[in-house]
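Labels A, B, C and D are assigned to the chains in the order they are written; within every chain, residues are numbered from 1.
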Amino acid sequence: MLPTAVIGLGYWGPNLARNFSASPSTDLVGLFDLDKARLEGIGDLYPAARRFETAAEVFASPDVAAVAIATPVSSHDSLAQQALEAGKHVLVEKPLADSSAKAVDLVMTAERMGRVLMVDHVFVYSPAVRRLKEIVDSEEFGDVRYVDSVRINLGLLQHDVNVMWDLGPHDLSIMDLLIGRGPRSVIAVGASHAAGEQVEMAYLHLDYGEGLTASAHLNWLSPVKVRHLLVGGTNRSVLYNDLDRSEPVKAYDRGVSVEPDPEGRRSLLVSYRSGDVISPRVSTQEPLSAMIEHFAECVATGAEPMSGGTQGLRVVQTLEAADESLKLGGKRVEMS
Amino acid sequence: MLPTAVIGLGYWGPNLARNFSASPSTDLVGLFDLDKARLEGIGDLYPAARRFETAAEVFASPDVAAVAIATPVSSHDSLAQQALEAGKHVLVEKPLADSSAKAVDLVMTAERMGRVLMVDHVFVYSPAVRRLKEIVDSEEFGDVRYVDSVRINLGLLQHDVNVMWDLGPHDLSIMDLLIGRGPRSVIAVGASHAAGEQVEMAYLHLDYGEGLTASAHLNWLSPVKVRHLLVGGTNRSVLYNDLDRSEPVKAYDRGVSVEPDPEGRRSLLVSYRSGDVISPRVSTQEPLSAMIEHFAECVATGAEPMSGGTQGLRVVQTLEAADESLKLGGKRVEMS
Amino acid sequence: MLPTAVIGLGYWGPNLARNFSASPSTDLVGLFDLDKARLEGIGDLYPAARRFETAAEVFASPDVAAVAIATPVSSHDSLAQQALEAGKHVLVEKPLADSSAKAVDLVMTAERMGRVLMVDHVFVYSPAVRRLKEIVDSEEFGDVRYVDSVRINLGLLQHDVNVMWDLGPHDLSIMDLLIGRGPRSVIAVGASHAAGEQVEMAYLHLDYGEGLTASAHLNWLSPVKVRHLLVGGTNRSVLYNDLDRSEPVKAYDRGVSVEPDPEGRRSLLVSYRSGDVISPRVSTQEPLSAMIEHFAECVATGAEPMSGGTQGLRVVQTLEAADESLKLGGKRVEMS
Amino acid sequence: MLPTAVIGLGYWGPNLARNFSASPSTDLVGLFDLDKARLEGIGDLYPAARRFETAAEVFASPDVAAVAIATPVSSHDSLAQQALEAGKHVLVEKPLADSSAKAVDLVMTAERMGRVLMVDHVFVYSPAVRRLKEIVDSEEFGDVRYVDSVRINLGLLQHDVNVMWDLGPHDLSIMDLLIGRGPRSVIAVGASHAAGEQVEMAYLHLDYGEGLTASAHLNWLSPVKVRHLLVGGTNRSVLYNDLDRSEPVKAYDRGVSVEPDPEGRRSLLVSYRSGDVISPRVSTQEPLSAMIEHFAECVATGAEPMSGGTQGLRVVQTLEAADESLKLGGKRVEMS
């Protein structure tokens, strides 16, 4: 049982607390939030967990082996650094940090201290995405040629981050899982229509080299909610629709064998190979619960997390490049 | 009854012939195609229409007052020029021409000859798009802030044009109708995955100035068919889903009144104003039939076509800029 | 090329004419309708087909080998009898006749005269229903346990027949195809809400014996259009959704293996065997065209039609029993 | 703060406990279940609530003012009687009892003791059903002519009740809310395909007199999940789709003004009045929470519950008549 403390009890922290408390592999031993009332409120639900006065106390406590950080992005770096330095294993809410320099530091500190650093890329642990990954990795699928993602709805406008840093980590971490490397260059265009402070809708275009491209439409202002991620392969395609509870994943046996159109001069016929659509069974395990088991297992066995510092860093690097592209009016930004 | 001849009887020409024949305002008096067998086949359905030997003969015929051109894009310009010079009114399949220079020439010739030049932007005449336009123009809607369009499916790969020139005129002509002017700059990114000849999937980002932006995802390789066009306004939003036969247009009384989130520091609450969704009745008139009535009416009254040379030129200019951006790897291209 | 005449040119007749004219196996040689204007209008489209003055003339003509009858139900019997007696092969619009006694007579006449008698159960020839049949007949499906059909929309109210006789033949003919025999008893309940003349919504419950049951909800008054047919088998289930163009048939690998609920005393867990859903490719051939090829083939080869007099009679017998049940307030009516 | 104890902690009881604990109007003061382990497990979540040894102790406790009963149906009557006799207010899980005689007794006891008796018809308190009720009661809707409900999915097979007693109370309580009276007669047909013990799929047909009818399809064996309730009125219709999270309620301005079809003899044209579809905003309040507030309010003010003994009794009477009809092979059973 991994004794864990949760720092930050705003929107996401209470979910982490609930899962650390319920998991057979972890123990919720501590809680902290700057907001005292919030700390009391959540604390009442977990009488066995200690309510710390400061974050420093959490890091100093010998009863705490792991820390989950669910605070505003700007504080991820500082808190995670302190926790790692104090010898704690760390789970950080996405994104890992608000700059790639900080993210690199975190990865290095974790390595130096020999502690697990994991990022809360929760979609990576969803049963549907695991299925997606299996399909994409299968021989019949062929090679990935493109990913197209749409994540739009009427959402909360954030003060401290734009829509790319808020919603983007979901799509970027799924793409990272499927592709296994980061993009070479990024183009981002966006707009701020409502509050004027932060970009509220954005389109990202990632070039992974070798003919592989990915795009994402991220939007806080859409009256309709869409959660589509389409992966096109040389032989098949697969669609992940996070809102379709009965058939979240659909594999299409539809390829793009190209033949001349018998009718004539101007077009090629894209043939539907067989045209069957298969929607595999997807389990209903809660992604957050799976993630926490994985965290405990990595701590116990020293295994590399599926969403470790490396993946977290790649996501931050991509977002950083996207921010720069946005600032430059959509100029392509190369990633070193 | 406007005596009309149809030139080009491939995919779209027969539909034009059928509608010119059935319309109470027009008369199908002539047919021409380079492919003799095709000319015979379609000709048999319209015994009253003359089968011409050459396009020049069509233009020379005093019995023909108007010509519809449904040939490959590269020949639009030359055929339409000859027709206009011969004093015919002209309806050209979209896009108007394969370069803006040629499109400009066509507009000028039409003006000089005092003839109607209309482009077959057929979606502009669909009852759903007419409804969309009414909603967007209504006072309650506020100002258009963005348009997001998705037009993807497993399609025919074209030899002579890329996916932008094939599918793009649909979305660009709808955007032109809604916004009433062309974009100031264009970014286009795309990829060629299947046949390697032409770009088969592309994303266009248009900046109209004054904070108004539009994007379109065009794709011949998608296993799923999507036809969404979302218009976000300052007070309301409206979605046009061309595949939803029972509710193609949905107006959302959802705005983006921004208020501080009572929960705290990090986010603003986007309030749903009332949240009602209204799906207005949409008539089932065939868009092509409405377009042909409009063509005949413009010829009769001298009225400006809704999809005349001006609109057709703006669409071609945008596509041309998009091609250039594509060639430059997604660089923003200003439109003069 | 089977020389065929079409009698009755109201709603359905013109579709028959178009298909008999276009088919490579048949020739449209004659047309007849009591309404002269209608006969002229349709006749103009098929200059090669003779416009008959009376039905008797059609039957007397040596140039006509087959007759398609698309007149009001009450006249099916008399016209089909005359046609068969005159030695013509006959295709009758559904339902075969307005009473089982008349239907029996027709079957007997056809047999006596050695002519093909086929009923226009057009759904039986749709690619989706053919797929449905294949799945239901496959070994993995197990035995059919139930069929549940919903066919509702805002429709035309008929003067001469109620909703069961109008929409019911579609579902009953599909059920007949899948099950291969008629029901043993029928319960029908219904109501007349709008015009008061005819029952406009009805529920049919058919007992086929051996634990196999089927139900159909037929409704002209529904604001939403639904076309579902669900077939439950011992091992699998399959859904036919006629309105889902991309996935009209879905086979569910979901059985009803019953196990005790680990949670307790009160319930049994229905296990999803694997839970995969497969949506097979379905061709896009027009059902009516397939039906007419089949008709021509039966005439040529003497094969039994898939929707012959036998099937047509069973549908009429079921409708007749349903009418009786309706009249008796929902009493179960046994079919001999 | 109404001090409440929950008896029965199987599937539904824990939800009640959670809501009684969280409500500002109630206090969770006691828990009881025959299964000691279950009592401990749930008890640990609510340290402030007393764990009773027997139900009798609950009823005897002066600290308990109200009791919620979530035990198997067969025990509802006995437990609720004891609770009422002991002067407690009572909330009973649906259905109220397993026979109408017992339900009548409960209603009478509650009246004699002057205590609130409420049934957990939780759908009656869902925001979508409240909206449905408002629409149906509005002047523009006209009179209700029919209700058609479909509640099917792959579900738990119950040992102690059939599918009608398990799923039926949901639909019957909604119908009771909309119509305000019970049906005059019932026809029920059903089948047992899987386990053979209990009827697993059933169709109920209710006649409310004055031309108003209702039907429900209830099914534990369907591979697809459907939750539709359609209400047809003289002027409008409304659909409640419990699975459509974004638009659960849709009002159709589609009537059935009947006019002769200009085309002819055989049909009447049902005109779409305007055809607009309105999907009103529906709040996201949890129905169970709303129900518990209502329970506390009825106790406090003496108001009649929306789902009191009267409504609970009507539902049980209908189910009882349905059971009888089922046993008689679908015979219509009159309700006195």
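Going forward, contacts are C-beta pairs under 8 Å (C-beta built on N, C-alpha and C of every residue); 3 or more make two chains touch, one makes a residue touch a chain.
What you see is a predicted model; the values in this text were computed from it and never measured.
Graph distance from chain B to chain C, where chains that touch are one step apart, equals 1. Look at the CA centroids: the one farthest from the centroid of chain C belongs to A. Between the Cα centres of chain A and chain B there is a gap of 38 Å.
Here the CA centre of chain B is 52 Å from the CA centre of chain D. Residue positions of chain B touching 2 or more other chains, listed in rising order: 224, 246, 272.
Considering their complex, residues 10-11, 72, 145-146, 148, 150, 154-160, 187, 189, 191, 193-195, 201, 203, 205, 211, 213, 215, 217, 219-224, 230, 232, 234, 237, 239, 252, 254, 256, 258, 261, 263-270, 272, 329-332 of chain A touch chain B. Contacts from chain B toward chain D in the complex involve residues 246-247, 253, 272, 274-282.
Across the complex, chain A meets chain D through its residues 47, 224-225, 246.
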